[in-house]
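In the two assemblies presented below, chain A is common to both, partnered first by chain B and then by chain C.
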Partner chain A sequence: MSERRPVLAVIGAGPAGLAATLAAAARGVRVTLIDSGTQAGGQFYRQPAPGLGARRPQALHHQWRTWERLRTGLDTRLADGRVTHLTDHHVCWVERDSSVEGEPVRDDPAAPGFTVHALLGPEQRESVAIRAHGVLLATGAYEKVLPFPGWTLPGVVTAGGAQALLKGGLTLPGRTAVVAGTGPLLLPVATGLAAAGARVVALVESAGPRDFVRRSRSLAGAPDKLAEGAGYAARLLRHRVSVKARHTVLEAHGVERLESVTVAALGPDGRPRPGTALRLPCDTLAVGHGLLPHTDLADGLGCRLDGPAVRVDDEQRTDVPGVWAAGESTGVGGAALSLAEGHLAGRSAAARLHGTAPDPARRTRAARTRTRLRAFSEGLAGAFAPPAHWAELVTDETVVCRCEEVTAGAVREAVGSLGAGDLRTVKLLTRAGMGWCQGRMCESGVAGVAGCAATPARRLPARPVPLGMLAAPTDDPPPAR
Partner chain B sequence: MNPLELVRARAGTPFTVRFDGREIEALPGRTVAAVLWSAGVTAWRTTRDGGRPRGVFCGIGVCFDCLVTVDGRPNQRACLVPAEPGADIRTQEGTGHDE
Partner chain C sequence: MVVVGAGMVGAACALYAARAGLDVILVDRGPVAGGTTGAGEGNLLVSDKEPGPELHLALLSARLWGELAQELGTAVEYEPKGGLVVASTPDGLTALARLAAGQRAAGVRTVPVDASELRSLEPHLAPGLAGGVLYPQDAQVMPTLAAAHLARASGARLETGRTVTRVLRGADGAVRGVRTDRGDLLAPAVVNAAGTWGGEVAALAGVPLPVLPRRGFVLVTEPLPRRVRHKVYAADYVADVASDSAALQTSPVVEGTAAGPVLIGASRERVGFDRSFSLPVVRALAAGATRLFPFLDDVRVMRTYLGFRPYLPDHLPALGPDPRVPGLFHACGHEGAGIGLATGSGQLIAQALTGGTPELDLTPFRPDRFAEEATA
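Up next, the complex of A and B:
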């Protein structure tokens, strides 16, 4: 009997993917949950490696009860066979069966399916093909970091990266840290590092209190989130972290590794105020300027994007039939929003794959949560911003593309004497953004330095892929209907 | 306080790996990057053009800054690859291939 259930491939086992998996599995769908990580959890609920034997992992986490609910739910579904969890599977691309056209409705015998191509393990030498009737993208986001002099020194890491190695590896890159940039992620990172024993000398945030007051209407709609912020403030105080609002990092110093950073206050024009520069000795700089949605898989499927994020409707459907998206791949808003979106996406997928419609989404609690948290994160996104003129602080010698070692000077020359007018031409002339990371790490930086708009690049496949795989046959038969 | 104490970790039996010839203690389950950070090492690659040191940047497999040579295989992402007992980890110079 269960063989006749439709199969949904959920890509990403973070809050969004887990909520979607549980919602869909509860409504008669078989779910193949696919993630490149070794354990479920995603970024927010990243778990320590089992070999480390953490008896109180919650000490590094928030909303642990929710995690326990998700974990128990997943275990139940793994046990009853409704969900299969494929760990260590990096999805490179998803393709739609081109043999048949039409809506992927379960009762339609000619329904099209999808093939998910994944590489196995961290080395990614072998590949597999996974078939499904529907695909739900819950691939989350990665961190945006704008360049500044010294940002390539060892000891300078992304804020989320420091958090990931702390939560997953129970380790710190050094003893004395500065956390800097802009955005809500800096708060859990600063308090997390401090709780784990690092001396966090300063939290350097380029936004200031006034940026929040101006948006107090949208922010007041989520009192729980404001309370969360107050909780962080108390913890920062307890760990004696000096909070420097409306400040920015001017430079990271060191020869073979980070030794100190210079920070300065920002004036009303968004430029550093003369005479305010301050040098802080540290061996770690955890820096971030917000998050960018992972959209490559959606892009490859031909889903429409809205700016940097995957566009979805009320049911979290993309504009490609049979493809849903939820969580931070559809816009950055934190774990609670990802959970709500994942739940709605899973419900919609279950209904649609059975050829029915979900209960009107608007009336459900998850839909209300989604509305409220989206408004809140829009308010936050407007308040948190890098310094208006950050690109002026990037000296010509500063490497902006970390992979190809392209300097700001080379980018400026491409725009100036070589006359490049858009990001594509800048890339072709300088090789900025053409390295291993496929421009993910430098795109915003190069665009800012060049003074061009950051147009999300098409990067297909989503990961550098061994050539053999592109030709590998899909030997896995379509799931029985 | 350290991270292991914070979560009251009771880790499995440590083992050793080699980093550029010297022995380093590793806890089971940690990635190569986590093992190196715990040993106070933050750089294990030099760039192709400038020969500049690099280590972890994004921590989640996106940036490819943490490339390292493990057991003779270059271009492994240290932030993803688990450290295995006896692994021979070496600083990766440039592309990691003899040129």
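Up next, the complex of A and C:
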């Protein structure tokens, strides 16, 4: 019986992907959940490796009960065979079967319209091809980190990296830490580090209270989120973390590794106020400037983007028939929003793959939650911002692209005397963004220093693929109907 | 004079015109190298040209690139590495040898390489190839760097981000300059170096020029120690270049770069300006490259890029004054060879602009040679 159900490939097993998987599986769809992690959960519900014997991993997570519900739901579906969970599968591209190109899925529900190509980790030397009738992208986000003098010193880590270490390995990255940048991620990182025993000297946030007051209406729409913020504030107080709002890091110092950072207050023009510089000794600096959506796979499928995010409709459908997107890839908004979007996307996919329409999304609770949380995250995104003139603080000698060791001076020369006017030309002239990370680490920084828009670059494959695999891809049989 | 198009060909026109004593304004609606130049591999090839006018232009260009390399070689990553064309079958080798003989008669240096010698030139080549020909004059530059540095060395006034909306003509029909979205740029001569968009610029002057796009993909691998020493490609590449077929054609051109990655290129498709990622094309390139160099099986592709090569129906560029519009010159439609042919094209345009006799006969490149077809 179950062999006759349509197959939905869900890419990403974080909050959005899990919610989508459960919603679709509950409505008669077979789901292949594909994820690069060794366990479900994604970045938000990142789990410690079992061998570590963590006794209270929930101490580092909030919404632990939600996670337990998702985990139990997934286990049930794995047991009844409705869901297949492929771990350690690194998707490098999704191929649209040309025979169904341009055709709405519901007109030909028998056609397995997509092939997902994934490399098997951790070696990533072998590949598999997974056929599906629909694809749901829940690929999440990656960290935005802006450069400053000294940011390449050992001891400087990304905020998300510090958090991943805490959640995944339960190790303490250092003993005396400063958390800096901008965005809601800095709060759990600071409290998480403190709870794990580090002395958190300061939380340096470039946004200030007035940035939030100005957006109080959209923020007041989500009192639970505000309460969550208040909870962090209490914990910061308890751990004696000095919160420096409207401050920024000017420079990280050290010879072999990080020894201290200089921070300064920001004036009304967004530039450091003279005479406010303060040197803080520390051995760890966790820095982050927000998150950016992962859109490579969507872009490769030809899905339309809105700025940096995948464009979706009320049902979380992209403009490519048979492709849905949910969670941070459609706009960064946090785990609760991702859960709501994933749920709606899973419902829509199940209905559409069966040739019907989902219940009007507007009436469901998930749709209301989505509306409310989107307004909230837009308010947050407007409030949390790096200093307006941060790029001025990046000295010519500062390396902005670490893979290719390109300095800010080289970027400025490309713009100044070589006639580059956009990020692509800067990249071609300097090699900034051409290295192993393909610009994910440095794109925002290079664009800021160059003074041009950070246009996401086409960069398929989504991860490096051996030529031999490209030349002779594995071909699995299409799923039976 | 005004040069429209700040790609490789426009930059070379600016450089040679400035060195001939002209004041040059280089205008482009995008940045420097924002079109086909930024999506190319930087091939400076004589090996892929059949005897004829394009080969003469390639030989002139190769000489000029060698001269420019004296001052700008490092900045533009000039590498006179030579090309190695290989044939997999005895028949293919016979055809290649015939082509090489004709090229030799036209002044190309060619060195026959028999099967046993191939691996001393390229130790990682696949076994079992029939033989090949070495072309010492083939070379490489990094095309975006080359365009940017030639433009800067020309001293031309660079007007990027400025769109030409009309070619201005006087009562007598002669060119007076160009109108842009940010004011007029007046000059008695305008050079159309707009590459793939050369037909549009010609139309702004009121004349047809049937430039069409041909899509090409290039694969870029992870950085490696130098294992591919020459530009290596299969002999069928020559046939593809001259082809009129709209269908996908791929012959692997494999080469190492100064920066480390190996470039694999030369797919050719006539699909209009379609920017979507094409898996079959990328697969065909990968298959061709791994056939030539089996070690590439385990080497990872970091990214792919695509560009649109401008071509004219007879696969020769439009080069020289346009007899239909006094003061209008064309230097566009170089297909996949624009980086290599840029120096010669720039030099010939400068010679034509200053009233001298160009050192090559421009008749085969006449911009109005398609006029009758276009109006028919």
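By our rule, the second predicted complex is superposed on the first by the 468 of 481 C-alpha atoms of A that agree within 3 Å, B and C clash if a C-alpha of one lies under 4 Å from a C-alpha of the other, contacts with A are read in each partner's own complex, and residues count from 1 in each chain.
By our rule, contacts are C-beta pairs under 8 Å (C-beta built on N, C-alpha and C of every residue); 3 or more make two chains touch, one makes a residue touch a chain.
None of these values were measured; they are calculated from a predicted model.
Trainee: Touch check for A:Trp436: first (chain B), second (chain C), both, or neither?
Mentor: both
Trainee: Is A:Glu256 touching anything from chain B or chain C once the two structures are fitted on A? First, second, both or neither.
Mentor: first
Trainee: Looking at A:Trp93 after the superposition, I want to know if it touches chain B, chain C, both of them or none. Which is it: first, second, both, neither?
Mentor: second
Trainee: Is A:Ala164 contacted by the first partner chain B, the second partner chain C, both or neither?
Mentor: In the superposition, A:Ala164 contacts chain B only.
Trainee: Between chain B and chain C, pick out the one touching the greater number of residues of chain A.
Mentor: Chain A has more residues touched by B than by the other partner.
Trainee: With the two complexes superposed on chain A, say which partner A:Asp422 touches: chain B (first), chain C (second), both, or neither.
Mentor: second
Trainee: May I ask you to decide whether A:Arg279 touches chain B, chain C, both, or neither, giving the answer as first, second, both or neither?
Mentor: neither
Trainee: Classify the contacts of A:Thr152 with the two partner chains as first (chain B alone), second (chain C alone), both, or neither.
Mentor: In the superposition, A:Thr152 touches chain B alone.
Trainee: Which parts of chain A are in contact with chain B and also with chain C?
Mentor: 436
Trainee: Quick check on the complex: what are the chain C residues that touch chain A?
Mentor: Chain C residues touching chain A: 6, 30-34, 38, 144-145, 148-149, 151-152, 158, 160-161, 219-222, 259, 261, 264, 276-277, 279, 282-283, 286-287, 289-290, 296-305.
Trainee: Using the touch definition up top, name the residues of chain A that touch chain B in the complex.
Mentor: 36, 38, 43, 48-57, 59-60, 122-123, 142-143, 145, 152-158, 160-166, 168-174, 195-197, 256-257, 399, 402-403, 405, 435-437, 440-441
Trainee: Which of the residues in chain B come into contact with chain A in the complex?
Mentor: Chain B reaches chain A through residues 1-12, 27-31, 33-34, 37-38, 42-43, 47-50, 52-65, 67, 73, 76-77, 79-82.
Trainee: For chain A, which residues are in contact with chain C within the complex?
Mentor: Touching chain C: residues 93, 95, 125, 300, 302, 414, 417-422, 424-425, 428-429, 431, 434, 436, 438, 458-461, 464-468, 470-473 of chain A.
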